[in-house]
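Presented sequentially are two complexes of chain A, the first with chain B as partner and the second with chain C.
The block that comes next holds the complex of A and B.
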């Protein structure tokens, strides 16, 4: 059974607007779709007896919050941060919205929880690197690669992903980073072709850069398109397209230098 | 003619150099101080066997000797 928060614990429209704008910006930055954001924000606002309308732009979120039947209204705007996609933050923030809706946490606690969720998004880079390499090797297997090709792809991915972490950590542009990593992984992925080892060297070359494909932005753009958030859909699609172009340039340059004729 | 091999060699060499450098850097940041590559240790550091009295314990014994 859903409960609503008591009047004493209810925030003003200004407080809620500020909280929701930060919440929305962080949720979008973590890779949530527009429809998820709309639902979560409306759920939180309703729990505090307010209404909320959101205008989602590619780089900003504009929020209006008001209490029905009163003059308590507020609007705020927040910039969407350029952060790494994190399903953990996505899930935790959605859980928070449900806990608020169920009346399990008051506004002050919710604000603290939000800060903690955002601050404690620590992932061990070595574990992530290992899992990414393993996942890409599995992709190689799915495309028919043999064990040698899988090993090559695993090493090429680990090297490329390590380079990606290094370059992004030093503030290098994401497009340049993707290009360089695709080049490095393509060259390393061509090891089987170069030394004539294994039965499926072309599969190793083709799948060595799959970890760089911006799958989530593509999926999110289609989701936004379905729910008629055309501006966000177009923005995310173009972002993903630019990254795919960078990846393609790096891959083609690597294959050209390694003398691989696939097309 | 040897472009693929040279390119491959360069990339592999780059990563081969990068990996130890990163490991050393990570180790340094973890320990918080830079260990000297070559240094002179005390006799105790060179010949310490687990179970030997530590320097603190030795000091305590010395204190006792002083009292005596």
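The block that comes next holds the complex of A and C.
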């Protein structure tokens, strides 16, 4: 049942601005598109009788919140964290915005729920590793690879992804991590060519690194472009491009070492 | 042909689940991602291989639109934002090979000696980079058009 938020339960523009800036920074960090962020933030502000304008910069979110017809205004800035993309957080934060809009939670509860959602981002690295290896092997099949190539790609991906988890866990820069993992996977993916096994060794070499392609950032950047968030689109595109460049350097180095031609 | 379509759908579904796992979707999203990816990818396979023999770019645009439409109408059932099952479902179509081949071509360009070798490598770079950009644009255009057309459904899925 829809209820309206009573005046006493309504946060001030300052409190709401602070909450929304944290909310926006976390939602963007989790890989949400700019249009979703705008919709969610406007929905939350409207639920408390306020209006909000967001300026989304590549590394920061700038928010202005005001109550129409009064002098209660506030602005705040929050840094967008470099966290892993999480559709679970994206979904939970979108749900939270609707619960606030429908008057199901008050401001204090919403703030607690927000903290719990962003803290509770559990991942099971072993399951993810298994699924990614299987996915890349399937990808190899989609490119015409045979069973031997699929097995090679599966093992090369598992080794590369495990290395990625290890390096990121030790705080190594993501670009260097992608380069090293692409190199490792490319070398392992060249096994079929090296020992002349299977019918499609070139497919194994080419697809062994595809799990490192930053697909979601590429899709997000083009999505932001369509909604005219050019700055954010460009920033996300360049981020994805840099990672693809790292991947390519690692792949080229691996292929060069194993004496395999890309073209 | 039917077996090939089934194989394409099956492996696209597995790829979507695996690549989706990296971005931690909610548990109930995996099934939807798999179904949508299977339909979308096999549709592209049919468009490119059946009598139509479409080029990869219009085939990608068409299947991305199908993926987007399915995601918009199925996401309220799963109570997840449309992008949560839309983007992972698109991942098996990401032109990853074009992307790294573009950089490979660029590297060869810089290392090449002579006009002929440079011209050939520049062609490889430009061709792969253009294909990659066009495919990405078509994928996002096709997939987000349904979100844009059915905004009331797509932005209310988590309500």
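The criterion applied here is as follows: the second predicted complex is superposed on the first by the 258 of 263 C-alpha atoms of A that agree within 3 Å, B and C clash if a C-alpha of one lies under 4 Å from a C-alpha of the other, contacts with A are read in each partner's own complex, and residues count from 1 in each chain.
What we mean here is this: a residue touches a chain if its C-beta (ideal position, glycine included) is under 8 Å from a C-beta of that chain, and two chains touch if they have at least 3 such contacts.
What you are looking at is a predicted structure, and each value in this text was computed from that prediction instead of being measured.
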Three-chain arrangement built on chain A, chain B and chain C clash or fit: fit
Chain B versus chain C as contact partner of A:36, first or second or both or neither: second
Chain B versus chain C as contact partner of A:242, first or second or both or neither: neither
Superposition-derived comparison: chain B or chain C, residues of chain A touched: C
Once both complexes are placed on the shared chain, angle at chain A toward chain B and chain C, C-alpha, multiple of 10 degrees: 110
Partner chain in contact with A:167 - chain B first, chain C second, else both or neither: neither
Which superposed partner A:159 touches (first chain B, second chain C, both, neither): first
Which superposed partner A:210 touches (first chain B, second chain C, both, neither): second
Touched partner set for A:111, first chain B, second chain C, both or neither: neither
Where chain B and chain C come nearest after superposition, their Cα distance in Å: 19
Residues on chain A engaged by chain C in the complex (per definition of touch): 31-33, 36, 39, 84-92, 94-95, 97-98, 102, 121, 123, 127-128, 131-136, 138-139, 141-143, 206-207, 209-211, 213, 215-216, 218-220, 222-223, 225-226, 244-245, 247-249, 251-252, 262-263
Partner chain A, residues of chain C touching it in the complex: 7-8, 11-12, 14-26, 29, 41, 79-81, 83-84, 87-88, 90-92, 94, 96-97, 99-101, 103-105, 107-108, 124, 136-137, 139-141, 143-144, 148, 155-159
Residue numbers on chain B that touch chain A, as the complex places them: 3-5, 7-8, 11-12, 14-15, 18, 22
For the chain A and chain B complex, residues of the former touching the latter: 159, 162-163, 166, 184, 187-188, 190-191, 194, 254, 257-259
